[in-house]
Structures are given as C-alpha cells and as structure tokens.
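Two complexes, one shared chain (chain A), two partners (chain B, chain C).
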Partner chain A sequence: MRSRGHFRKNVYPSPFHSRLEPLNKLKEWGRWHDYLSADTYICDSKEYFAVRNTCAVFDLTPMEKTRVTGPDAFAYLDRLLTRSVEKVKPGRVGYCVWCDDNGRLLDDGTLFHLHEGDYRLCSLHPQLDWMLTSAIGFDVDIRVETHEVAALAFQGPTSCAVLRKMGLDDIENLKPFGIKHYAFAGTELMVSRTGYSGDLGYELWIDPSAAEDLWDRLFEAGELHGIMPFGGNALDLVRIEAGLLLCGKDFLPADGTVRPERTRSPFELGLDWLVDLSKPCFNGRQALLEEKKNGSRYNFVKLDIDGNKPANDSFIMLQNKTTVGHVTSAMWSPSAKANIAFASLEAPYGQVGEEFLAEIYYQRELKWTRVLAPCRVIDHNFFEPPRRRMTPAPDF
Partner chain B sequence: MTDSKRIVIVGGGHNGLVCAAYLAKKGREVMVVEAAEQVGGAAVTREFTPGFKVSSCAHLLYLMDAGISRELGLETHGLRFARQDLATVALAADGKHLTYTTTAVSGGDVSADDRAAYPKYRRRMEKFSDVLAKLYTREPPRLGTHNRKDLMSAARLALDIRLLGRDDMREFLRIAGINMFDILEEQFDSALLKGALSLDGMLGGSLGPRSNNGVFAALHRLSGQVGGTRGALALPAGGMGSVTAALAQAAQMNGATIRTSSPVASILMDGDHVCGVELEGGEKIDAGIVVSNADPRTTLFDLLGARHLEAGIVRRVSNIRMSGKAAKLNLALNGAPEFTGLGADQLGERLVIAPDLVYVEHAFNHSKYGEHSVEPVMEITIPTVHDTTLAPSGQHVLSAVVQYAPYDLKGGWDEAARTAFTNQCMEVLGRYAPKIREQVMHTELMTPVDIEREFRITGGHWHHGELTLDQALMLRPVPGLAQYKTPVGGLYLCGAGSHPGGGVMGAAGRNAAAAVLSGE
Partner chain C sequence: MKKYDAIVIGAGHNGLTNAAFLAKAGLSVLLLERNPYIGGATVSREIYPGFKYSNCSYVCSLLRPEIYRDLNLAKYGLQIVPYGGSVTLCENGDFFGNFTDADVARREMQRHSERDAVAAVRFDRDIMRQCKFIRPFLMRTPPDPTSFKPRDIRELIHYGKEYYKLGEEVIYDTIRFYTMSIAEYLDEYFESGVIKAAFAGSGIIGSALGVMSPGTSYVLLHHAMGEVDGSMGAWGFARGGMGAIADAMAAALVDLGGEIRTDAGVEQIIVRNGRAVGVALENGDEHYAQVIVSNLDPKRTFLKIMDEKDLDPSFVEKAKNFKIRGSSGKLNIALDGVPEFPALGKDNELIRGDMHFMDSIERLERAYDDWKNGTWSKDPYVDMLIPTLTDPTMTPEGKHFMSVFVQYVPPKVNGRDWTDADRDAFGQTVLDQIANYSPNFKDLILDVEIRTPREIEAEVGLTEGNIFQGELTMDQLLFNRPFPGYAQYRGPVKGMYMCGSATHPGGGVMAAPGANAAREILMDLKRPNSVPEGWVDD
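What follows is the complex of A and B.
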C-alpha cells in the first residue's frame, strides 16, 4: 500500500472491507486516515446495545501502529512516554500518553510489549515525526506497520465465549492487558485483552491476508451470541461510559494546536497516574515538574448531571453563573441510567463532590430550550462491570 | 547524587579557562580537563614545522573583553602584545593597495567621497556594536517568561536601542539583519574598499556579501576593544597561545587545576543530575557541577547523550547550523615575502584579499554547492614581522584565514582536494606576491575537517555554530539553553556556541561562571 502513487487512491478499503461492506446497511463511509471507516452500520443504539449486552466488532485497522525494536527500544520508549515502561512486561499492554517538551499531550495510546524488547505503539493519529525526532541518540528501529496488521476490537460480555468457541484455547485465563499468540490460518493471531469499551473485550491482530478468514470464523462462532459490527458512533458512547478520553475531543494534540492555553498536560486531564516523575528523563518532565510545583491550570472531571438532556458542548458554571469550564464529551448513558459528561474546568474547580450548573440547550420539535442543570463531580467511571477485570473471564 | 563540591570544566579553550579562573577566584574547587596536549583550544600557538610557530586557528585579537583582561590580570600573567593597532591593507593585484585604520582610509584610488564616508561608517558601526557589547556581558533574557530578571534584561536591550537616538535607532533596526553588500554599496565607491570591508561580516561564517546577517556578524566583530579602541586589531606576542597561557596561569594562581591530554569520553549522570566525567582511559572524576567548553552538539550528544534531554531540545540542537567554511593556511617562508607595491613597513599589517564584492560573492557561491572557492578570499598576517620568537631569524610565518572551504566538501577533503585547494590559494597569493611560491618551506592547511578533528569542534566552525540572528542572543545556541544552564541538573555550557558567540573574547566563559555561581 505504501507504494508510489499511494496518494492517487487517497483512501483504501480495509482488509475486512469485503465483509464490512454488505453489513453496512447505510452504505455510508467516513475516513480514518488512509481507510474507509464506518460511523454507523445500521443504527447507533442497536450497535451500542450489542457491545453492552452481547458482543460486537469494530474495525481497528486504521489505528496507527508503530513498531519499535532494537537494543534501545525500552530506553527510547521510557524517554518518549510519561509513564514507567518498565512496568509493561513482555506479553503485556499498557495505556500511555506522550508529551512535547512543554509537558502538553501529543496523543494517547496503548503500548504492546509483544516480545522482550519488541514493542508496538498504537495511537489514533500518526506520530512518526515526533517518534523519529525522539529517536535521535537511540539505537532503535521505528517502523510504521499500520498497513501490515489488520485489527479488530471485539468487545462485549459474550466476547470470551465466542473466542472459546472459535477454538482459542485458554483464552478465558488471559488477564486484562495480557497478550496471547495463536496459530491461525497458517499465520499468527495475536489476541490482547484490551479495548475501548470498559467491558470484557479483546483486540485481535493478524496479517491482512488472513483478515477475511478471521472475520468469517469469528462471525460463525458468534452467530448465536449476538455478534454484529459496530461503528465509530457507538464506540464513542461506550468509551465515554468507560471514562476513556478521545484525542481531538477531550484534548487536542499539542503539535496541531496554535493557542497554548488550548493544550493540556496529563495532570490537567486527570492522568497523574500515567506520569512517573521519578524517571530521570522523559519528554515533558521538566515542565511537568514545574507544573507540579506551581499548580495546573485546569482540572478534568467526570460529571453526573441532573435530568436527561445530554450536556454536549455545555458551559459549566458556578451557582452565581460564572463560567468556569466546558463539557468535552457528554451523553445520556443507557447503561448507567445517568446523564454523564467529561468537562475541563479552570483550576481549582473540580474537586470530587463539588456542585456546578451545566448550561444545556436542547430542542424539542424545533423549539429551543435552555436549562441550567445541577451537576456534581464524581470520581468513579459511569460503567465498570466486574467482568471487565475477572480472570478467568466469565461466559455469558 | 554526588556530594562532590568539585566543578569540572570540560575543555581548556580560552572560554573554559576564563570560566575556571572566575570560579576559582570565588574559591570553588575547579578542575579543567583538556583533551589536547596543551590548553587553548582554537586560540593556541603551535610549532607546525620545526622552528616555525604559528597561531594555529585564531590569529588576531580584537574581541577580548577588557574587563576580563583586567580582572584576571592577564598582563601580570605574561600577556604582551607585538602590535595593538594593526591597519588593514586591502591588496590590489596592480599594487595600488588601500589602507584603512579604525579612523581613516588612504591609498589606492580611493575617492574624496569615500575618504569622508569611511569615518562616518566606522563610527556608526561602532555605535551599533556598542549595543551588542552591552549585551555581551550579561545573560540573555529568556523569552515569554514573567521572571523579573528576564523582563529587566529585555527592557535594558530595548532601552539601549532607544538610546541610540531616533535616526540611529531607525538605522540600526534597518540594517542589523541585512547584508553587507547593500550597506556598502550605499556608502562607498571604491570596489576594493567595499570588498575588504565586507570580510568583517564574512569571516568565520557561512555567508557571502549578499547574505543576510552579514551586518550582524560585522557588528559582532567590531564589538571588542583593544587598548581602549573599539575594533582595534592586536597581535599577541608569541601568538594567540600566549593569551590562553596567561589565562591558564590566572586560573591556576587562583587555585584551579588543569589536566591536559585527558579527553573526556562522557559526562556521568546520577538520575537527572551530573555526578562527574569519565575520561577516555576509563578514569572517573567526581563533580557536582560540569561546565562544558566543548561545542553544544559535542557536549549534549557525544558526551552527555541525547537520551538525557527531552526530544524538543534535542531536535533544536541537531538543527544548529555549524558547518564551518573557514580554513587556515599556514606557511613557513625562507624570507620575507614581497607583495607588489607593498612597502616593507606595511608587510606586518593585516592584509586582505577581497578585491571587490562580486569576487567575494563568487568565492562564497562555490561553497553553497559543496565546492571550495576557485579564487578564495584571505585574511593574512605575517606575525614574524613583529615577533621574532616565532621563526628562525630572517625567516617568516604567513598565517592566513582562507575562505571558502566547506566542511562538507563534495567527495570529502581527501589528499587531492587538499592539494587542489592549496594550489588555488597559492595561485591567488601569487597574483599579489609573485615570488612567494619559491619561498615556501612548509605548508599547513587546516580545513574545517582538520579543525574538527584536532580541536574537537563539530563542523570545525569558528563560532561553534553560525552566528546569525536566529542563533544569537536568547536563541544561542538554541532556546532553552541560552542562559548557560542546561536542563540537566549541574550541567552548564561555557563555549563559543553560547551567547555571545565565537572569537577570542572570553565573555561566554565569564557569563557561564556567573550563571554557575547564581545557580548554587
């Protein structure tokens, strides 16, 4: 695919396209970098409920995948990422973020420690420029392998049962954030217990030549377990319930942001747990040490809002109507039966339990209405079923 | 973290020695660790063939900070001058040379208009370079902070420019970023005068007369004083090495120790703080603070390792333009050379070969494409005219900065390229001193590649990095490193790569010492 003339084609069908196409009842495709990608296959809520109640498949192939190998792979990643990479042992996956020198987020992603010293970093957006810049002085090999790996997110309560039925031995004993390798159709299928849904779920990684095979086997096994594809819109709903951030929505990549006050540090996104200041050097450390000392500009919070009108794009106000922030993501959560949102508030606002007003505009039969809905800062995820972490993973 | 109180200075170039002397003077335990057999860096006198000594790189002293000479007592430590007031002779092939000093121009076919314009040009340039000189003795402000010190020093710069008066301020802002060609064309008629003056902006840099930043470089060159005269040119007795010998003595008398032949292999880290250095032989020296006189890229990439810095700063350091274009040609001569039309009394002045602006521009053009000049420009001194200690009696040394000899010559500086360039230089010299070839007993050509190898300066660059507005003041060597202190705990820079830049001046060394002391 990365051949000359690649630009002429502009956007590509994913290796699963022949299977996705008939299932895409709306025949509408969006794009995610180089690929056709569907926001909706048939109906957002139907897809959402499949993820939450049975299982559903999301085509993850367009996700940027960068392979990092070589003698300095560990040292390189430990300097690139704000977290401790030491803790991501071989066969494990870690959530991570990375910053520029100003300690502002460039993107978030997952780091797969495939084999000792052999890593794959997955991110929403291409990171090659920054990854190569960061490689100066390290003996590492950095290779974008986005197009060489077909990937599916397979999420939902029945996902483990389906994989077992497919013949993936011992899959129920794979721990959250663990990786297993299986022989499959003459190649290797990699399964990680990861995902963006906050529920039991897996991600499946395979050579594109075996992509259709994988899809067919999965759908065959899943037929009686309610399997169906889900698109970007349903994914956005489940990730909000799961308390997971989306680059471009909850924060902007610092290298594409003109106004410095619009960028965010990990602390300003509630990601303190992903920052290991005890590491002697990583990108952004100096600035983050300063921030720790002087205080952050913003707090990122989860809000539980009264009523049932989603607080998309709302201003968040004090009781006296002073604006102190805005909502970045919001939805009515059918699973939590709650009106939920993420918001970025000016520090020091945003302590757990603090109460604010969300200024919500909504329309009913062409009539706009404004409500100031009371809301409060909570510290738990909206949706977090125990099966998410249970090992062995339960059957449903 | 080490509890060592020792300050190790990596490199005993003149800036390292100045820094050492100031720190030792304040009672700090200082050790200078120099790779070469002798201290001095690019400000050094070496025997290049038996019986003949020469200032290997830098040969003229015009930037040395008077305050430093006084405060460190360089004269009591043996610094003497063979001459303090060299004139410049712009050589003409027909022998109608033109001579200028800091106050007047004469000879050649120079017009009355040019004679009148020259002192005005000179005074104005000196006035402007004064603005720079004031900045040179202090740490440049950081931009975008609200720190009081930064705001004050930015305000002082603005005030210094404002105090030039309305017309001069306007003129300063007009010309500071532009090229020598335009301002010389505005002021003078004489092609020879314009060619020679343009070199003030070209020597040591990657610029031709039409390149922007030339005026800035010329102002830098004029910003120093010798014997109280702005822009004066001096020849230290015994060559440039006596300046650094005096500095070494000053440092030692204040209690610093100096180790030569001790190349540092790496700067040692404990967590995010330096804890010493390791020599190439494996010996480790503890230190709570390490100050590096090596250029920024050598220091941060080769000695420290980029992995100890954040990626943004690494990118900036890797983008510093530091590819040298100045070579040095040193000749041992069996007698005094004869330049057509030049009296013996003028042989000891600064002689330049830059007959007109277009000649200089052509010489530069080659270097843009990885070629050396076919007709190089030259800045020549014959120090033996004033200083008999450098060569056997009756014999002479000719020391010439020759440009343009790009570091990254296409095909590399192999023997054939060296011979070809030397021949070009001799051919050009021969136009002015027809019999000189027969007088040559020994030739030493130091290309930027040789300078890099022998003096450990990346790219063999005169200033340890181009001295242009985008790499000057608070941007030198790169934003985030301009206050001498690096982001690495206990690591400082003190060489020419830092503000205010290269030339034998010592300001970077002294400012770095102040930064170390204020950081304690």
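What follows is the complex of A and C.
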C-alpha cells in the first residue's frame, strides 16, 4: 500500500542516484516516468563516443518491467505478442512487439525468459491494463516489478573486458540475447547480452539494495577501460545508428493515440519478421491478416540523405515536390559519416533504392535556410560492427 | 420613438454575445435586461460587503476562444486563469487526487488501482476522440435532417463525412457513448470505486439524471469539450469572477454601438400579422425592431412573454413538454480564512482545484434517489472550489470565497413550493457535509448565500433553476434543440429568434448559441456575416 503522500514524490531518485548525481556535471535532470533521468551527464558527444569507443553506462531502472509466471505463462505470452514465443527459450531474450485487436502497435520491448516458464517483459510504457485484459482465460500471474529491479545498460566495445575484470566468469561466451546469472553481494546479478546501441553490450539486472555496490564494482573495473555514464541524448544517437525504433517518436502507442489513423501496424514499421501469422491466435492477428491481404498504408524506411544537415521533422517529397511522408528520427552519424533518418512514407513509396527529396530547415545565427536534399532508401543499418555478434566477445 | 434593427431580450452571456455580433455587423441593437445588473447566470455580485461571489456559474472552459478573440474580450479586461486538478475526499479519511501532470496523476491513481492508472490513458484517448468529433460543430448551425434546402443537405453531408472519418471502431463507440450511462461507461475502463466516482461527477452536473441513467456519458463530454488556451478539457477561473466575462462582453457591445438597458423586463413580444415587431416592457414602454431575439429559455419565451394565441398549438405543446427539470443548487460562502481538510494534510495543492465528497457510484445514485423522492439529497454531490486561492481580486486579503455547487436539489419539495425554512435546511445539509471533512470550516463562515432552484429561477429566470436552459439529453441536442424543426435559431413567427443556452450547442458559459444565432439573423437580413468560423483543430 502506497502512502498518501505518494504523488508528492514527483520523481524518485533511482537506486543508482547517489552515484549518478556527482557524475551529472551539468546538474540537469529530466523525468522518465517515476524517476530522475539525465539526458546528458558531461557532453553528448563524449558520451556517444564512449559507447562506440570504450564503454558507458545508462541507468535503465525506469523501464517498465512486468513479470509473467504461472502454468499458462508461455501460452499467454504467445497470445499477447505477435512473434513466436516458442523461440525464446529459457535463458534467452527476444525483441517483441504487441498489438491491440486492430493490429496496431501498443509498444515494443524485450521478453526475458528468466527461467523455464518465468518471464519478464520490459517496455517503455506501463502495459498492465492491456496485459490483464489479454489474460482473461489464462492461468497466469502478472505483476509489475518496475521498482523492484535496478537495471543498467552497459554498452560499448570494452564492456565484455570490464565484466570479465569484475569477475563474471565465462561472460565472453554469453551469446547475443543470452542471459547468465551470477552470485553478487549476497544477491543475484543477472546479465543479458542485450542493449539499444547496436554495439557489443550488456544489460545488468539486480535488486535495488545492491545497486550501489554493482555500480562501484563496475566503475572500479572499468576505470582503465574508459567507463563513463551516458544519458538519453547519446542513447538516442546510438539507437538510430543501430536502426532501432523508439516508441513515442517512430510510432505512437495505440492505447493513447487519439487519431486512430496515426497508429501503425508492425508491417508499417518494417517489423514483419516479428509477426508470426502461422500462430493460430494472437492479439491483432485478424487485422494483420487482412492488412497482409489488402496492403499496408505506410512503409517505414531508413534514408541516406545527401549533405550534412540533419533532417529532423522533415517532409519527404517526390521529385515533383509532392509530400509522401515525414521523418521520425534523424541525425548526423559520427560513426557512419552519413546523414541518416527514419521516415514513414505513404505506401507504395519506400522501396529500397527509391530516391526522394528531404525538405530540411536549418539555422545559422538566426538565419534560416531551406534545402531539398536528395535521399534514398537503404536496406541496412547505418552502423553494425561485427563485435556486436561475435562470440566469444572481443576485448575491444 | 427610435426603431432599432434588433432587440435582444435578456443580458445573459448569450444575449450579450448575440447583440455584440449584430452590432458588429452594423445593426442598431437594444439589449433589454430585467435585472438591475447584467450577466444572467454569468454574474458576480457583491452581496456580502467586500466579497464578490460568482453567484451562479463559477468556472470557465466552454467559452469559445473564437468569440473571446473576435470580440476582443481581453482588451475589456477578461482573463481566464487555468487551475488544475481535483480531489475527492473519501468517507474513510483517504482521498483521490486527479492531477494535470500525467506522471503525477498516474502515481496517485496507482495508489487506488495499479491497473486503473494505466487504463486512464485509454480513457483520456476515448474522451478526447469524442471531443474532437463534437467540437467542430459548436460554431455551426445544426442541419435540419428533414429539409431539402441545399444548405441543410450540405451540412448533413459534412456531419456524415466527419462521422465516417472517425473510423469503424470509433463510430461504434460514438453511438454507444451518446446513449450510455456514465456509470456503465466508466465500468469499461476502471475498477476503483473512488476513481469512477471522481470522473462520474461531470456526467450529472446540471442534469436531472443519475449516474446510472442513460445519456449521462454525453453530459460528461459536455464538460470535457472546452479548453483553456488550447489545453482541451481544462477549466479556469475568470479573474474577478464569472461576471468579468459578461462585463467584458457588455463593454465590447457598447464600444460597437449597442445599447444596454437594465431594469427593463420584457412583458410581451408584440406580434402583428404573424410577425414579431417589438416588445412591451413591464414598465409600459414599447420598443420596435425588425428583429426580436430572446435569450430566455423556451418556457419563458413562449409560455410567458409570448401570447399563446400568436403560436401554433402544437408549438405551444412543444414548449410545454420541453425538459428543463431543476436539479441543482448552490451555496456561496464568505470565509474568514482557508478551511483545513485534514485528509489532505498541509500545503496540498489539491485544495486549489475542484473538491468532491462522493467516493462511490452507489452514493451518487443514492443522492439522485432523494431527488426522485422529491427532496434534496441528504448526502449530496458537491463541486466545491475556493477561487480566491488563485484569484486575488474577489475578497479582502486573507479572506476567501467558496463556491459550492450542489446536486441534487429538486424544483419543488415533496411536490410543494420551497419555503425559506426548506432553503435553510438544505443549506444546513451542505454545510454539515463539508464540516464532516473540515473541522474548522464552520468557524470560518462569515456569510452564506443559499440558492435553490427557487432562487435561481426568481433571480436569473432559468425555469425550474435548470442551469443549462434545458436538459442535455439526445432528444434535446443538435437538431432537436430546443425542438425538432426549430434548431436553427429561428422562432415560430417571422422576425423572432432564439439565442440562449436552450439552443445548439447548449448550456454552459460558451457563447456559441448567441454567436450562431447572430449568424442566422444576419443571413436573413442579407447583411454580411460578423461571426467568426470555428477554428479547426485537426
């Protein structure tokens, strides 16, 4: 039972706060649901390059975490999620999305198969309402454990070396999307080879009481490996380079979207590979089957744009200046040395190789300039280093 | 004697708006008000020395920004200051606060139900969908679905198109929404009793229906479709009290060349050869004009100040059968300080918003049962605010004005007229209820103005004290408001028009009825339109 003053705690300090606070040189805190969360600790560029060059730590605690257990846990999740849950074996993690009955995305996330029949679903937004509605008829226990698990994303080429130095036995042999459990400070440390950076990296999960301990051990081990914290801004840069979507930016959660046509289906976000239509029954299947038959309204594309002006919020046009879509995420990629973006285009536009114009506005000392930058649809991620998938993981 | 282009009867905010747009179009306009003051139910008066009460309406959201801007009301001193949030104090000493910040709101809801805190996202979405559907029609004249006039057909097609644009799922929801009870509707989202009760309140305000009566979902929408500066569903205080709205409108009207006369009650609309030609005042004066507009509700307009012989009998029947049941009362209280609400603790911002005491759907329905039985609710629903915690202009420093809107209060007590003793007993019921939640409240009271439907009808001229000039049920909305076939502001005789809250889009301090009526009048007079179009919110 929460206390009456619960609402007054506008934001909780995270279990890592005592360690994050002195490192937040800019002293600027933002909010991520219930927690203080920094967009920048020192400098976006430094933090970005730490992820790409050495290693960096992002406080992931505010992520919504929902535990699913009980005899029907697998059957239930297979019904909730569009993908095959069968393939997420114990000790494995799967990227996933889930839809409402109209086949429109509610959120995306990662499903952790912690132990046989014991799952944790991580998502950006709370999902309890839909998860309980979907549980009708299933013998499952669904419990929000957001505040009971402290979590860090630990990403970058030297991350494996640091974890080894910390004494995590055999960590280099953990495969991408694998999970390992370690004894740590009298509790259990769970390590998954997952992340939102498209690089070699891990996520660390622990009881909040051991959070500070974990942080200290990690930074001790990482001292000579260039460890530093990174904030939301740098995270946004690395995930765009890695071709990963952000809920709220690249698509909207359908349960909160007022204009029904603004929601998106998995197909309209290029997530066909996450939809297993051969499953006999899952939320949104009927609508998705129909969409498969009749065609989607939108195509989601990755764009390579000429020039060096980031195409944030740009319209995407045909050569004759007809608008056919808009950019949802954009950046200059320091690692790919490319001007990159995600965009949502009206179908059938968006085939690989197709050329468009991006209408970009930029400002230099209060003077605004408009450019129509040629751009083309590409089919690969902007940045995908081999170390991301290598097992055993390299030292840097 | 001077002949006017138009005479508007009643200086409620709709009469004022109507007169202002007519004057803006270049008409000579005379606005006649029975009371010594203007504003109707949009009024602030100093009844207790040094204190201004918002005697009837007390908060603002519906006022159309197009009108606010077009009549330059800011120039005439009007300022609407948003307040956020509301709180329900529970019988068990707990509370449920509803906050404007999404994260804070979620955290407080989680305390009552982890699931409801998430379902609220879906609830807000669905209410917002209905708002977006209805809002574009506020500044439009409803089409007559039986007419073949090109304009009606065009409008009907427009309605139809907007409706189909909603998409399949929302179309189904809309039909259900307009016919459901608020209790049933909330059951589709929430499990917590207090959360449901907190949202259900705006489904009954101003209507003689219970939370379990069909049609109350729409009443909730009527309270959610307004805005303050583009923030949909937000409510605010008019700085200086709600009368500031009427005062600003009056100043605009006078600047536009209009003439306002108070203490000028109209006794009769003069009809000659089937055409309204003028008015006879209670003091014996007569005034003539090309156009006569009534800001009064249909019962007063057609059964009191028009001669029934000038009207078709079936029309008189319609007026007689118009549903305008009184269900609300109000206490305006002068306070010597800020009452304490121990449940909230010290320095709780929730005291600045709406305060309620109904913590379950069942209690709300029981309150309605009392009304059906012919008495005021023994455990009433109140919507209570202390505007002076936000507005420094209404009371002396350190003193406060508390506005307590109350349901249910019947138009008659056990079938007989209200007596002063009834009124005082009703007031005592409300004061006792508040004191249950605030031990020092009674000690702070300096003055109480108690208003039952009897007082509201006598002072404002709202029949049965119905705050919306007629109930907001489907049979009396859109092209049925006030009556089928008469929803386009034109009265039953030529040259006669209606502009009050009894016309589309209905009650509340909205000013849309007055503006829409002006547009129709100008069209009939073949004058250029001075009424702004509704702003599109896509």
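Methods note: the second predicted complex is superposed on the first by the 391 of 396 C-alpha atoms of A that agree within 3 Å, B and C clash if a C-alpha of one lies under 4 Å from a C-alpha of the other, contacts with A are read in each partner's own complex, and residues count from 1 in each chain.
In this section, a contact is a pair of C-beta atoms (placed from the backbone, for glycine too) under 8 Å apart; a residue touches a chain by one contact, two chains touch by 3 or more.
Quick caveat, the model's predicted, so the values are computed rather than measured.
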Touching partner for A:181 - first (chain B), second (chain C), both, neither: neither
Touched partner set for A:31, first chain B, second chain C, both or neither: second
First (chain B), second (chain C), both or neither touched by A:389: neither
Chain B versus chain C as contact partner of A:126, first or second or both or neither: second
Chain B versus chain C as contact partner of A:261, first or second or both or neither: second
Between chain B and chain C, more extensive residue contact with chain A: C
Contacts of A:286 with chain B and chain C, given as first, second, both or neither: first
First, second, both or neither for A:144, with chain B first and chain C second: second
Chain B and chain C footprints on chain A, overlapping residues: 102, 130
Residue ranges of chain A in contact with chain B within the complex: 72, 75-76, 79-80, 100-102, 130, 133-134, 136-138, 280-286
Parts of chain B lying in touch with chain A, wherever the complex brings them together: 269, 271-272, 301, 305-315, 318, 480, 487
Residues of chain A touching chain C in the complex: 1-2, 4-7, 9-11, 31, 33-34, 102, 125-130, 132, 144, 253, 255-261
Complex contact set, residues of chain C against chain A: 94-95, 97, 99, 101, 103-104, 106-108, 110-111, 114-119, 121-122, 124-125, 128-129, 132, 166-167, 169-170, 345
